[in-house]
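Each of the next two complexes has chain A plus one other chain: chain B in the first, chain C in the second.
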Partner chain A sequence: MGAQMANRITFGSISARVVLACVVIFAVFPVVWTLLNSFKEVVDIVTPTPKLFFTPTLENFRYVFERPSVRLGLSNSGIIVFSAVALGALFGIPAAYALAHMKSRVGDEIKFFVLSLRFLPPVAVAIPLMSIYLDLGLYDTRLSLTMTYVLLTLSTIIWLSIPAFERVPQNIEEAARLDGYGPYAIFFLVALPVAGPSLFGAIIFSFILVWNEFLIALMLTTSEAKTLPIVASEFTLLGRNVPWGILNASVIVLSIPPLIFLGVLSGFLNRMFKK
Partner chain B sequence: MSNITCKKLTKKYADLQVVHGFDLEVKDEEFIVFLGPSGCGKSTILRMLAGLEDITTGTLEIGGRDVTTAEPGERGVAMVFQNYALYPHMTVRKNIAFGLRRSGLSAEEIDTKVNDVVQMLALAPYLDRKPAQMSGGQQQRVAIARAIVKTPEVFLFDEPLSNLDAKLRQQLRVEIAKLHKKLKTTTVFVTHDQLEAMTLADRIVLMNAGNAEQIGTPQEIYTKPRTLFVADFIGSPSMNFLPSTMEGPAAKTSVGILTLDAMDFTPSTSGSATLGIRPQNISLVRQNDSDLVLNGTVVFTEYLGNEVMMVVDCAGTEISIVVDAPNAVAEGIETTLYLAQEFLHVFDSESGLRLNND
Partner chain C sequence: MKAKSHINKVFLGPPLFVLAVLALVPTIAAIIISFQNKELGRRGTSFVGFENYINLFSDRRFSNAMKVSLQWEAITVIGTMIVAILVAILLFETTRGRTRAIISTLLIVPVLLPRVTAAFVWKFMFNPLLGVINYPIKELTGAPIEFLSNIQTALISVAVVDIWQWGLFFAVILLKLLETLPKEPFEAARIDKARTWEIYAYVAIPMLAAPLISLTFVKMVESLRSFDLIYVMTRGGPGIVTETLDMYAFNQGFVESGRISYASAMAVLMLLTTIITFTVLFKWVRKWQTA
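And then the complex of A and B:
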């Protein structure tokens, strides 16, 4: 009986592992290949027989980082995305807290409005904004792109934070009221720490969303405020011979910040699902 | 003095009125239990006392102070919730001390107070744990400690034992009773468990659909239920009821005519009455000459340990009785029941009011 159980478990877990491994290889292989290619010279990339072993070179990365456009794109992306996420969190989290406590029709309408912001195709938002920014002389500035991204981060953070606050048991906040705390103290000392992990997830998600954003940035910037995705995409236009190594290296540079954040995020997600 | 005075309290949610003019005077040091079926408004009234629900109309005084519109933190009350409601991100020590941080006490004073209650509730081994690392019973003891440490004027409990298993429930019930003996803090305790109500209460407020159906000591409620509802709600197994039409002392029921010659009651105006008698007050042997006699067949027995519950079919009406285990009669056997008139209740079938003169 015991042995049978053990058998079944091993068989089940082995087949599950095999399936899992296949899926992981399927998903990860292109990424790994890109990573490998970013360390290859062009001759090693374009050979008819794919090479697993080669003499690695940092030439591609050196090229990428020495380009002024990449440096500008990196700092633009950093500043714009960081500001947009920070502002989105600063205003979005308190707004979500208020909405989570608003048990009326008005609250529902506001929630739907916030969600509907996310339904709009980015182009539909970008074109009117483009003409407004042109009139105001803000076109192709970090400020205008930050303001536009705040719309994205704000609605995403609000939408993801409402359920996080709704999961904070009502009685806990009531206990704090009975302990003599006012609404602000309850928000900072009770609701925020209890909902913390989920809120962190919402912030990371909105970060990844705007870090990878391409369409709006393409329409609202031309040179000064270009973000990294735009700059990276331009490497495809470098010449007749596609510079595969450089392209791969720029993709890796672009992917690293979201990857780091995703790592953190999955840690938090795991923790949330375990509880 | 921490008495509580509720005057004509009402509560309305939009169009739904759930409390209808609730009056209650709780004396200082008294232990009051709200008892009633689910949805009758017990929690609502308790939360109105705490300030967590607005009072629609009426006034509330605690310790002689009008607190009808006061903030929860300013009422001098502490509350224990059914689901413990501990702060999940704080250790036990911080949970207990959290309410004192607003009181202007020094850190040492807070420490002393926390240590006192920790001693009282034997929580010392858990001080550095988070609530999630403790059992339900332990968590509820922390919640009680958190309430006690504030030395409030009034304790409010909303079904604090309902989430615990039977054994723990009894332990904690005894602990709460002892704490009340020691601290003498005025307490309002909500439950739907009659055993808890009977054992803890100085007085029970028996609630029905947003009204106090009867307010009295456990004994009064058990022996002199004011209405049919109270009689039916209190006691286990529940009271037997026989609808009847009255002609003087003669009650015509489905089990025959019963002559209530040894009873003192006001005849019901409508002429229809409901007789009630608890299963424990029916015997298999004659105790008095005035006992009412019924014949029937045992159809069902339930072994309760010390006692046996028997259901007896008397001319188509099922009567349940409880007898000491050795006296029990097996299923299918014919037997005779003796109903003691001194324990018989007569209710007006229409108003539900008890008609006995005692």
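And then the complex of A and C:
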């Protein structure tokens, strides 16, 4: 009886481990496969049996980085995303601080307004903005796309920074007040440093959100201000005789910035859900 | 006290003004344009009242898009939550310490990827000639499955990518929530010889009902953003089988005819539906959670 029990448990735990391994493979295999393909020559991709071992080449990446469209996309994405995130943080972090301290109905209503901006379908924002920007002569410019992205970064940063400030122990701020600190000094010298790591997580989160953004950029740009996701998607929509290695390399290049921050975000999640 | 209200005004005034302008300008413009007959590359527009809206109601492609959007919401929200719950329990039961931390980090890789990347990665794997998914299928049956150009499988195949990104991400969040639960109810259930699934079904999941509902709500909102996946993977095809509302609005407004006003009317209807639905849902969830 006991042995049977033990058997059942080990069999159960072994099969659970097998399932777990399958989940991990399901999660990372697509990414690993794409990474491998980005180092393959076309002959190693167009094979009847998928190839795990091959002579790697850097040709695909060289081709991608030499394309003028990719270079323009990279600098557009860099400038637009950086500006939108910086503006979002500049306005959003103080707003979150104020909201974290407002325990009133008005505060709740403002928080809900900020959250509800996420309910707006992107297409409903992009179509009228395209018409407005065309009329103003701002269509397909970095300026107009940055302004539009501030809507995304600002609301996200506010929403994610409120809990960061709420977790700053009230007695620290109280002690500073008794020491004669004014409200601004308390924000800059006490609350900001204490909440710092979580705020950084919130900023990174908003960075990834706009770096990855596609629909609004597709509708508001045609050539001058095109961002990297749009350029990469044009690669992926190439015709029949596609240079598969180059396509794989282009989406890898696009994905590096968000993946750099994997560790930061994982830490951010840990702090968000710790009791 | 006075200093306190001063800092609130300085800190909240400018951001709220910026947000209000950025959100209200396009919304109001969308409503105005939807009552006109504006077209791209054509000069002169006039107001046509409710014509665009009336036309929408007799547009079969519009009702198809509504149907596809609802299917998409249902499949991705339910799929994400099921995957999240099952994977979180699996991780909670079989891993601890460093292993758990490493696997958790790996599981959030998919959601960080740009949707364009996720869409291409899977489109390539689904490819009937070169795709790794079709390789074993070809070996076994001799013929590949055209996942993305088959009417039966297209929408599900795109949804798999969405669930791949969100289901695994939510699994990590749920795992962290499971870790915060007190140990005693679990031990009590074990002493009562409850089976593993019973412990989760009757103890853990009910204890996490509030965050589970919040996560479902977040996923419902995020599932509205399906455009990039569908754009890269199927472009709404085969036919109009995967043409969601945003895809159809894009096609009408940009690709096929440049009918900005018609697309705006669609956008306004989407806007009203989502704002009303989610506001009601959100207030309801709030009330339920604080009760």
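A few notes on this one:
The working rule: the second predicted complex is superposed on the first by the 242 of 275 C-alpha atoms of A that agree within 3 Å, B and C clash if a C-alpha of one lies under 4 Å from a C-alpha of the other, contacts with A are read in each partner's own complex, and residues count from 1 in each chain.
In the analysis below, a residue touches a chain if its C-beta (ideal position, glycine included) is under 8 Å from a C-beta of that chain, and two chains touch if they have at least 3 such contacts.
Since this is a predicted model, take the numbers as computed values, not measurements.
Of the two partner chains placed by superposition, A:Leu145 touches none, neither chain B nor chain C.
In the superposition on chain A, A:Leu154 makes contact with chain C only, while chain B stays out of contact range.
Once the two complexes are overlaid on the shared chain, A:Leu209 sits clear of chain B and of chain C alike. When the two structures are aligned on the shared chain, A:Gly263 is found in touch with chain C, with no touch to chain B. Contacts of A:Asp179 after superposition on the shared chain: chain B is touched, whereas chain C is not. More residues of chain A lie in touch with C than with the remaining chain of the pair chain B and chain C.
Contact with chain C, but none with chain B, is seen for A:Val23 once the two complexes are overlaid on the shared chain. Touch criterion met: A:Asn171 reaches chain B, while chain C stays clear of it. In the superposition on chain A, contact is made by A:Pro193 with chain B only, not with chain C. In the superposition on chain A, chain A positions 275 are in contact with chain B in one complex as well as with chain C in the other. Contacts from chain A toward chain C in the complex involve residues 13, 16-17, 19-20, 23-24, 26-28, 30-31, 33-34, 37, 45-46, 49-50, 91-92, 94-95, 97-99, 101-102, 110, 112-125, 127-132, 147-148, 150-151, 154-155, 158, 182-184, 187, 208, 211-212, 214-215, 218-219, 229, 232-233, 236-237, 244, 247-248, 251-252, 254-255, 258-259, 261-263, 265-266, 269-270, 273-275. The touching residues of chain B, when paired with chain A in their complex, are 50-52, 71-74, 77-79, 81, 83, 85-89, 98-99, 102-103, 132, 146, 150.
Looking at the complex, you find that chain C touches chain A at residues 3-4, 6-8, 10-12, 14-16, 18-19, 22-23, 25-27, 29-30, 33, 38, 87, 90-91, 93-95, 103-110, 112-117, 119-125, 130, 132, 135, 164, 168, 172-173, 176-177, 179-180, 221, 224-225, 227-228, 231-232, 245-246, 249-250, 253-254, 260, 263-264, 267-268, 270-271, 274-275, 278-279, 282.
In the complex of the two chains, the chain A residues touching chain B come out as 169, 171-172, 174-181, 190, 193-194, 196, 275.
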